[in-house]
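For reference, chains read A, B, C and D in written order, and residue numbers begin at 1 within each chain.
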Amino acid sequence: MAGNTFGQLFKISTFGESHGKAIGVIIDGCPSQLPIDLDFIQSELDKRRPGQSKITTQRKESDTVEVLSGIFEGKSTGTPIALLIPNEDHRSKDYEHNKDVYRPSHADYTYDAKYGIRDHRGGGRSSARETAARVAAGAIAKLFLKHHGIEIFAHVSAVGTINAPHLEDLSIEELLHLREDNIVRCADPATAKQMVECIDAVRKDGDTIGGKISCKVQNCPVGLGEPVFDKLHADLGKAMLSINAVHGFEYGSGFSGTEMKGSEHNDIFLPASGNPKTLTNFSGGIQGGISNGMEINFTVGFKPVATIMHNQQTINAAGDAAEIKGKGRHDPCVVPRAVVIVEAMAALVLADHFLRNKVTKLD
Amino acid sequence: MAGNTFGQLFKISTFGESHGKAIGVIIDGCPSQLPIDLDFIQSELDKRRPGQSKITTQRKESDTVEVLSGIFEGKSTGTPIALLIPNEDHRSKDYEHNKDVYRPSHADYTYDAKYGIRDHRGGGRSSARETAARVAAGAIAKLFLKHHGIEIFAHVSAVGTINAPHLEDLSIEELLHLREDNIVRCADPATAKQMVECIDAVRKDGDTIGGKISCKVQNCPVGLGEPVFDKLHADLGKAMLSINAVHGFEYGSGFSGTEMKGSEHNDIFLPASGNPKTLTNFSGGIQGGISNGMEINFTVGFKPVATIMHNQQTINAAGDAAEIKGKGRHDPCVVPRAVVIVEAMAALVLADHFLRNKVTKLD
Amino acid sequence: MAGNTFGQLFKISTFGESHGKAIGVIIDGCPSQLPIDLDFIQSELDKRRPGQSKITTQRKESDTVEVLSGIFEGKSTGTPIALLIPNEDHRSKDYEHNKDVYRPSHADYTYDAKYGIRDHRGGGRSSARETAARVAAGAIAKLFLKHHGIEIFAHVSAVGTINAPHLEDLSIEELLHLREDNIVRCADPATAKQMVECIDAVRKDGDTIGGKISCKVQNCPVGLGEPVFDKLHADLGKAMLSINAVHGFEYGSGFSGTEMKGSEHNDIFLPASGNPKTLTNFSGGIQGGISNGMEINFTVGFKPVATIMHNQQTINAAGDAAEIKGKGRHDPCVVPRAVVIVEAMAALVLADHFLRNKVTKLD
Amino acid sequence: MAGNTFGQLFKISTFGESHGKAIGVIIDGCPSQLPIDLDFIQSELDKRRPGQSKITTQRKESDTVEVLSGIFEGKSTGTPIALLIPNEDHRSKDYEHNKDVYRPSHADYTYDAKYGIRDHRGGGRSSARETAARVAAGAIAKLFLKHHGIEIFAHVSAVGTINAPHLEDLSIEELLHLREDNIVRCADPATAKQMVECIDAVRKDGDTIGGKISCKVQNCPVGLGEPVFDKLHADLGKAMLSINAVHGFEYGSGFSGTEMKGSEHNDIFLPASGNPKTLTNFSGGIQGGISNGMEINFTVGFKPVATIMHNQQTINAAGDAAEIKGKGRHDPCVVPRAVVIVEAMAALVLADHFLRNKVTKLD
């Protein structure tokens, strides 16, 4: 109810502040007997970890995951899986200079107004550090999906005005290889180079820039998604919009579809013996809120990070004018580290709907 | 769990198929003692009703709302409010010709695959007729919000490639007047004229076209929205994406914000004695997922309606090629009737978060 | 959240007041393709219906169920099943004489204090009439359970100090026959006769009396029930305690088990090739909150009905002394009509846990 | 959904197995600004702790609580409060001898059947050790209730056939003093003495015995409890029945009320200027599922602990006959340590309903 829980059957609850002892997550509803590869969970966290390249924040956190419960002899037991990620680099003093002021376009003011408690230590619960817990939980969701043959791939499709071309029809394995070959996590090498240069220039200027992440899901079975309100794309949209800095979500034809005519946009079914395919896929793999077996695809838009290295005018808690200093360690562009967060949230939505779909029909 | 319920504290559950006896909604959690104006509920339904102008479907339904429970002597009692809207024009035979085929880009195939039941009568539960129930419930949410001074306004901001200009700073009362003065429900009269012409031409061609609806919320108190997952814009996004034909959602700076720099995008706080204002509002009235007291604004993208008056290639349930005839009565463009649905869903999200915010702080 | 919904996956929401237009229920989560026998639903309602014998209230209601949605060509479609039961005999004037006073041990005072709305028409939402909606929903849950071979049987095991003996090992079919052969619904004919005499004497005296209902479930598969909080018996207990007038619940050895020693109480497992049996069944078919395949059994205690035909001292809304007249039409003992309510609630709990158990293990 | 979460607005989720690294709890929904007294939380845990007297298990656990999140400068922040209790004495080898057999009247068999995973280390998730997490969370709920003037008191009212007399009208402070003055936690000193002797004799005999705990709530405001399904006593009942070894729950007149007549049982309202009182309190402080301002009272029945120091016949996982040895360290009677668990669960139910009641009426 207080918004710290996501999912219905494959359900996660995250906890922890950026400068407390630890952050963590409880995964409740993961079926028993799933082999849990802890190295895989850690490798996912490493993709989100700060300090991984010159275009990410230099804050140092190893983000080492610790299992407290729910796994026995390498398998899920069906009981809650509790994962803990201790906070190491909680230099609260980095935030002392901003103790009394509200940082522009951050959550300082709204949290203070809502809760009557000012935790000035770098965002507290509103910090994107919370997403590490989601990545850990998402890794388990990915293991569950992989067991059922479902695969997810996201990459950076835009930084500022630099857009990646439509990707050739490569396998997800190939795409992952291309993506992890550069620090911006764009699967198109030429575009990736431009993106890195752009972010580096923005960083040197003490500024930040927005971007987009595109994601696709392959081998999704037909039937996932619950009409009316829990349409698959509605739950994907909520999942993505709950990630820090996200301002937009579109799937299939998205906003460009608003300019099309029905006769262009309709996806014609092709004769087939098994699950039918469609000639085009403007539906983005989802019709009536339910997966139709085609590739699911969507795009997520991120605003530029609010913390910049410029001094800015703002106010303090009394409402008086104040200046905020541009200090600290922050990301010039959030998308390279957010790729794995987008994948994690997509995996959580799909795992949840996979389970929900199991009780749809009479045996 | 099966996706027919929306909201946590101000909660609605809809039921009913397009060609059954009735559709309806239960509103559970509306506080007691709220005066309920039934004429207002009906006037909201009239804005969604089919057959209201030449650019909407000619299907005839009076959509008359009937109260079954929860209202006593003109006020909510705190018990579930059940509203019923009988179906009148259920000409199932209009759909007989499509009984055995899957209509392209409709939910026929996915529902059949998911449930193993083919209700060929015009969409059944996947029909946009279900949204009438949402409009009725949304009208009660609007009454609740009005009691607290909160106002919502949506209008058609694009049809195909025709975009409305940014609206002048008019009051919501004035905007409503301008919007209801034309059949496309765009508050800019010149643009509205073009839009009507466009839709009419598309209609004559037996085709359909997409569009956008923009919505804003005024006088929203500071503090609505629950981090981490139930951010106000995440719940608004899910609400909008759950409306039939919606393919995209953006708030504040939206996708255009992905191209901006932090130094441009940050909303500077202005000194103030009460709630602070910001110089710009790229945050769309929401920071850290919580309303900051500024105007909330977002845009929703709708794909073109899938039912067109052209013959189309498709398949039947056996997977064999079939042709679908372009017959029946449908909307050439969904946005004029969807304006009130967008407002209804926004009202439901805000009413829910208004109540949720009441248990945040110790008394 | 407002307490009108029960269940997680097989979920019901009831609505309606005793003196409004109708009461009803939405069943959300019933799997598709279940054959729905409307005559069976009606026959269940007939067992709860007022006016069925000399020992029940003479209020007249046919309690005819009407299907609004969710059933197509005799089968559930997987969408919400809406059932409506119109109110016929809403003689509000029967209640006019009590308009200003709080009836002792009724919910008049607490509802007024909680909601600030006084619906004096015979209890409104707190009336046991609401349980008709549960019986209709429970009938569908029973059909679902029967499809899986699970059977439920309840009967009146005590009226006042008259207790039925432990029933011989008869089939549920035989027990049902014995139970429906008398108006008090006790499966032991000799005890039933005493009970009817007792209730009739109490009725003539204008008084009321309490009683107990015992229930058992046969052929329940092993594994239903979710630790830690949603233990099968905890959900059964809540279900029973939510029925009007219930003051106690016990399962297996119940309160008598508190006087036993572990060496007496432990149910010894017997060697077996399939599901093991136990020598005794003090566990009541549930161990660790999970069904173990043995017969599930529990007992529910009902207080005497609060409406009596005596004049009573009470207060009005101003807190002043008032006298309440003993008039109207009410049950001298609630248990004969409550047998089918107990069964309905048990069926709803079991159907819900049956579905929940389907997502426990990896496929 | 998997049953590890309790409550709606004041919500807890527990995790952890008896022989893993730690158990813990997330409290989500505790309002911000509540002063949190960690010493009080620890003192509550100390009352449940094993090894505290000669009549409890000699297993050694300090049960030291650690705060991971949600508390800043001594106050709740409104974000999830994560509490961890490391496991110290996880002598799994104590359970090696029972590795292959199902202990009678334990959850070994049902867990194995349900999850397909056998965690033989002393019960795993089904162990009563999980209740330590509830006690920690319940302590925070108690602090919340105390802030609002609400007080809870439970004590052992029966061990085997030894029943405590009805307690004189003492203050809760006095009762607590009397209760904590003896190791069985019965507030009547003479009865306590008999109970201790009884348990000690049972212990020496290698056996166990059942008992009862009675609980009352004072100064509960009028209006807590949500009809229809979430009646206050229904949620209390579920809470109590979810505690290990509980087989029965009754409130107010309870099962003895089933033998009464309405004319005896009705609680007559007395004229008053403020909240009315009733002459008797057979309603147990709850009418129509809603608190009426009178003292709330209920009784909980516990079966004898299943682990006894006798050898017992049982079966192994193959279904073959096996003998189980009477070894290990266990409680001869669970009620002395369960008093604080009953209070904790009652506090959680009341805190939850206190918050739920805040959104009932229009402001």
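Rule of thumb we're sticking to: a contact is a pair of C-beta atoms (placed from the backbone, for glycine too) under 8 Å apart; a residue touches a chain by one contact, two chains touch by 3 or more.
Remember, it's a predicted structure, so these values are computed and weren't measured experimentally.
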item: Most widely separated chain from chain D, with each centre as the mean of CA atoms; value: B
item: Comparison of A-B and A-C by number of C-beta pairs in contact, larger one; value: A-B
item: Chain centre separation (chain A, chain C; CA means) in Å; value: 46
item: Geometric centre distance via CA averages, chain B-chain A, whole Å; value: 26
item: Sites on chain C at which at least two other chains make contact; value: 1-2, 4-5, 8-9, 14, 29, 32-33, 78-79, 114-116, 125, 227, 360-361
item: Of chain C, residues touching chain B in the complex; value: 1-2, 4-5, 8-9, 11, 13-17, 20-24, 26, 28-29, 32-33, 66-70, 72, 75, 77-82, 84, 114-117, 119, 124-125
item: Chain D residues within the chain B interface of the complex; value: 1, 9, 29, 31-34, 76, 78-79, 144, 147-148, 227, 355, 358-363
item: Chain A-touching residues of chain B, taken from the complex the two chains share; value: 1-6, 8-9, 14, 102, 104-107, 109-111, 113-116, 125-126, 130, 158, 160-161, 202, 207-212, 222-223, 225-231, 233-235, 237-239, 241-242, 247-255, 257-276, 278, 282-284, 287-292, 301-308, 310, 312-315, 319-321, 356-357, 360-361
